[in-house]
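These notes open a run of structures that come right after.
Shared chain: subunit A. Partners: subunit B in the first complex, subunit C in the second.
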Partner chain A sequence: MAASFASRCSRVSRSLFRGLSNNSPGLFTTSHEMTCSNSFSQLQQQRTFIQMRTVLKVADNSGAKKVMCIQALKGKKGARLGDTIVASVKEAHPNGKVKKGKVVYGVVVRAAMQRGRCDGSEVKFDDNAVVLVDKQGQPIGTRVFGPVPHELRQKKHVKILTLAGHIA
Partner chain B sequence: MASQVVLQQAMMLGSSSILQTNLNQCFPSKPLGFSAMVSSFRRNAPLISSSVSWRCAPLIAKPATFVARADSNAEGADAAASDDNVEGGGEEAASASSEAEAEAEAGVEEQVEEEPKPPRKPRVKLGDIMGILNQRAIEASDKERPTPDLRTGDIVQIKLEVPENKRRLSTYKGIVISKQNAGIHTTIRIRRIIAGVGVEIVFPVYSPNIKEIKVINHRKVRRARLYYLRDKLPRLSTFK
Partner chain C sequence: MRLEKCWFCSSTVYPGHGIQFVRNDAKIFRFCRSKCHKNFKMKRNPRKVKWTKAYRRVHGKDMTQDSTFEFERKRNKPERYDRNLAENVLKAIPKIDKIRVTREERHHKNRMKGNKVKVQKEATKELEQGISLVKAPLALQQDPSLTLPKIKVTVSQQQSQQNQPMEE
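Let's turn to the complex of A and B:
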C-alpha cells in the first residue's frame, strides 16, 4: 500500500509540475490530483457520526427492526457511541410494543465510528445499532442482542448493561 | 593545549604521505576535539595538520611537511562525523605516549590528561531524544510486564483491567489485524466476531491496564494490515 501511495504521489507531483508549466492543462491536472488524493483516502472508509437520516438497527426486542435518526440530542456533528438520539421507526415486527412511524428515543449501543477510551484504546463495531428507551432512559424492550460497550456505564445506562448478553 | 602536545609528538613522527592515506581511512573526530582543532585553526596552520594526523594514526603517522596540508585537513575535518570510538582510542594512545613531554606545561596539560581518563559520555543529539525517551518508557513498562513479540496474523488473548469496571480482568481474544509502531504508543488492532457482530478494538501494547498478552496461535497472512477481513465472511474472524 505504501508503494502504491508513493507511485500515486509521484504521479500527482508530476501532474502538478505540468500544471505549473502550462496554464490551460493546469485546471485539468489539479482536478486529477484531487481525485488521486481522494481515492487514496477512500481506500480506508472514514466512519462518521450518527446524524439525521442515519438508519440504525434495533438491538432489542421492543418490536422495531430499523429506525432512522431524526435528531442527535447531544453533539453538534452527530451522535456517537453511548449517546441518545431521537428516531422514527421505519420497520417493525407485526406485533410489537412500537409500531411503524412512531417517534422514539434510542441509545446508541454500537457504532461504526471508533470511540476512544481514557486508556488510549479505541473500540468500533461493524454496524450501527440502538436500544429503544423511553424519556427517562429505561429500555422499552426486555432483552438486548449483541455486544454492548463499557461506555454505557459512564452514561448511566446500567439497565441496558445488565440486560446485555456480552459487554465488549 | 592539546594541539601543542600534538605538535611535539608530530615532531617525533614523520612523513606526510602516510598522513594523507590516514586521512582517507579514518573519518571521525570527537566534537570536543573538533572544537580544539577549530581553535587551533585560528592559531596555526601546521598545528592543524599534525593534530589530525595524531588523531587518525597515533603510532604510524610521520608528518614531514605541515604547511600545505591545511586545505586537506579542512576537508577532512568538515567531513568528519562525530563518533567516539576512534577518537577516544586515538586520544588515549597518543596521550599515553606524549605524557612525558606534556608535563612541561602544567595547566594546559592537566586538561589533556584528565580528559581521556574518564570515559567520554556520548553527546545526545536533538533528533535522538524522542527515541531515547521512548526506549526508556518501553523498558520501564517491560519490567512490570514483559510484552511478547506481536505480529499481524497472531491470534492473541488480552487480559485487561478496566478501572471503571473493577471486576476481574475482562479478556479479549481475536486476530491482530494491524500493528502501528509509535514507540510507547505502539498499538495493535484486534478483530473478533462477538455475538454475531464484528468488533475491532485498538489496544496500546505498553499500557499498564493490560495485565497479560498471550499469543495463542498464528495464522499465515501475506499482508501487514488485514483490513480485507472486514469484507469477508464472519467465519474468518471468529475465534472460540
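Let's turn to the complex of A and C:
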C-alpha cells in the first residue's frame, strides 16, 4: 500500500514536471492535445505523445535503465502505445548488454497517454516505458517487467507478449 | 464483450465508455466516466464520497448481503457453452432482477420505518412556530378558525393601545 502510494506521489510529481516541460516551446507545441483542453490544464496533466527528448523507463533486463527518445518512427506528432522509437541510452547498469550512449530501437509498452481500443474504451498506464529491440524487432533482453498492453499482438511483437508477466 | 463495474461508483461500464487505468503493479482501474476518473486522480476514497455505491453499502443505506448477489459474482472458470443453460440463464435474469429490486425496496422501507412519526412531529412544531411566515397575525386574530386550537387570540383593545405609540 505504501509502495503504491509512493509510486503514485512520484508519478504526480514526475508527470507535473513532464507536463511543464512539454508546455515549453519545442518542435511539437500544444497542438496535439488528445484530451479536451479544459480550464484546469495547469492542474491536470496533459498526456502527450512520446517525442524527441522524452525520457522513458526501460522495462526489460537488457542493461539500460533510462533511454531518451531521438526519433519516433511512424507518426508526425510522436509515438504512442505500441509504436517503435529510436532512442539513446542515458543510464545503464554497469554490466549489461547495452552501454550508455548507444543508439537503440525500442517498442513503447507503457504510455501515460491514453490509447483508444477497438471496442471504444481507452487505456492509459502509469508511466512511459519501453522494451529495447533490435532492427528486426526481436527483444534484446530476456525478461519484461510490469504490465504490457495486448495492442502489441496486433503490431506483431508477439515475443514481448510471451515474455511479459501481466498483459493488461 | 463484458460489462465491467466502475471502480469508483460501482455502476456498470458498457462497451465504448470510460477509461481503463493500468497501474504498474498490474492492477486495472476501470471508470465509467470522467467524473469518477477525476475523483480517483484526486485520491478520494469512494467509501467517503456520498454518491457512490461503496459509501451506501458501508453506511447501511443499501442492502449488502443477499442471495441474489451470488448470481453476479465473477467466476474465473469459463463455462462450456450449452444451449439449454444459456436459454435458462436468459430467462432467469429478469426474474432475479425483479426479486432483487423488491428486496431492495423492502430494505429501504425498513430503513425509513420510524420516519413518519418524526416527520409529523416536526411538521406540527413548524406550524406552531412559523405560521407568521405564511399568514399575518392580524388575519389569525380576526378569523380564529385558521389557527390551531392552542394559539391564543389577543383582545382588540390592547391592539389599539399598541398602535398609538407607533403613530407618534
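FYI, the second predicted complex is superposed on the first by the 129 of 168 C-alpha atoms of A that agree within 3 Å, B and C clash if a C-alpha of one lies under 4 Å from a C-alpha of the other, contacts with A are read in each partner's own complex, and residues count from 1 in each chain.
The criterion applied here is as follows: a contact is a pair of C-beta atoms (placed from the backbone, for glycine too) under 8 Å apart; a residue touches a chain by one contact, two chains touch by 3 or more.
Bear in mind that the values here come from a model prediction, so they are computed numbers and not experimental data.
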{"item": "Simultaneous placement of subunit C and subunit B on subunit A, clash or fit", "value": "clash"}
{"item": "Contacts of A:146 with subunit B and subunit C, given as first, second, both or neither", "value": "both"}
{"item": "Contacts of A:165 with subunit B and subunit C, given as first, second, both or neither", "value": "both"}
{"item": "Touched partner set for A:154, first subunit B, second subunit C, both or neither", "value": "first"}
{"item": "Contacts of A:122 with subunit B and subunit C, given as first, second, both or neither", "value": "both"}
{"item": "Set intersection of subunit A contacts, subunit C complex versus subunit B complex", "value": "44, 110, 114, 119-127, 146-147, 165-166, 168"}
{"item": "Residue numbers on subunit B that touch subunit A, as the complex places them", "value": "162-165, 170, 185, 187, 194-204, 207, 209, 225, 227, 230"}
{"item": "Subunit A to subunit C touching residues, read off their complex", "value": "4, 7-8, 44, 110, 114, 119-127, 146-147, 149, 165-166, 168"}
{"item": "Sites on subunit A touched by subunit B in the complex", "value": "1, 44, 110, 114, 119-127, 129, 145-147, 150, 153-154, 165-168"}
{"item": "Residues on subunit C engaged by subunit A in the complex (per definition of touch)", "value": "1, 13, 15-26, 28, 41, 43"}
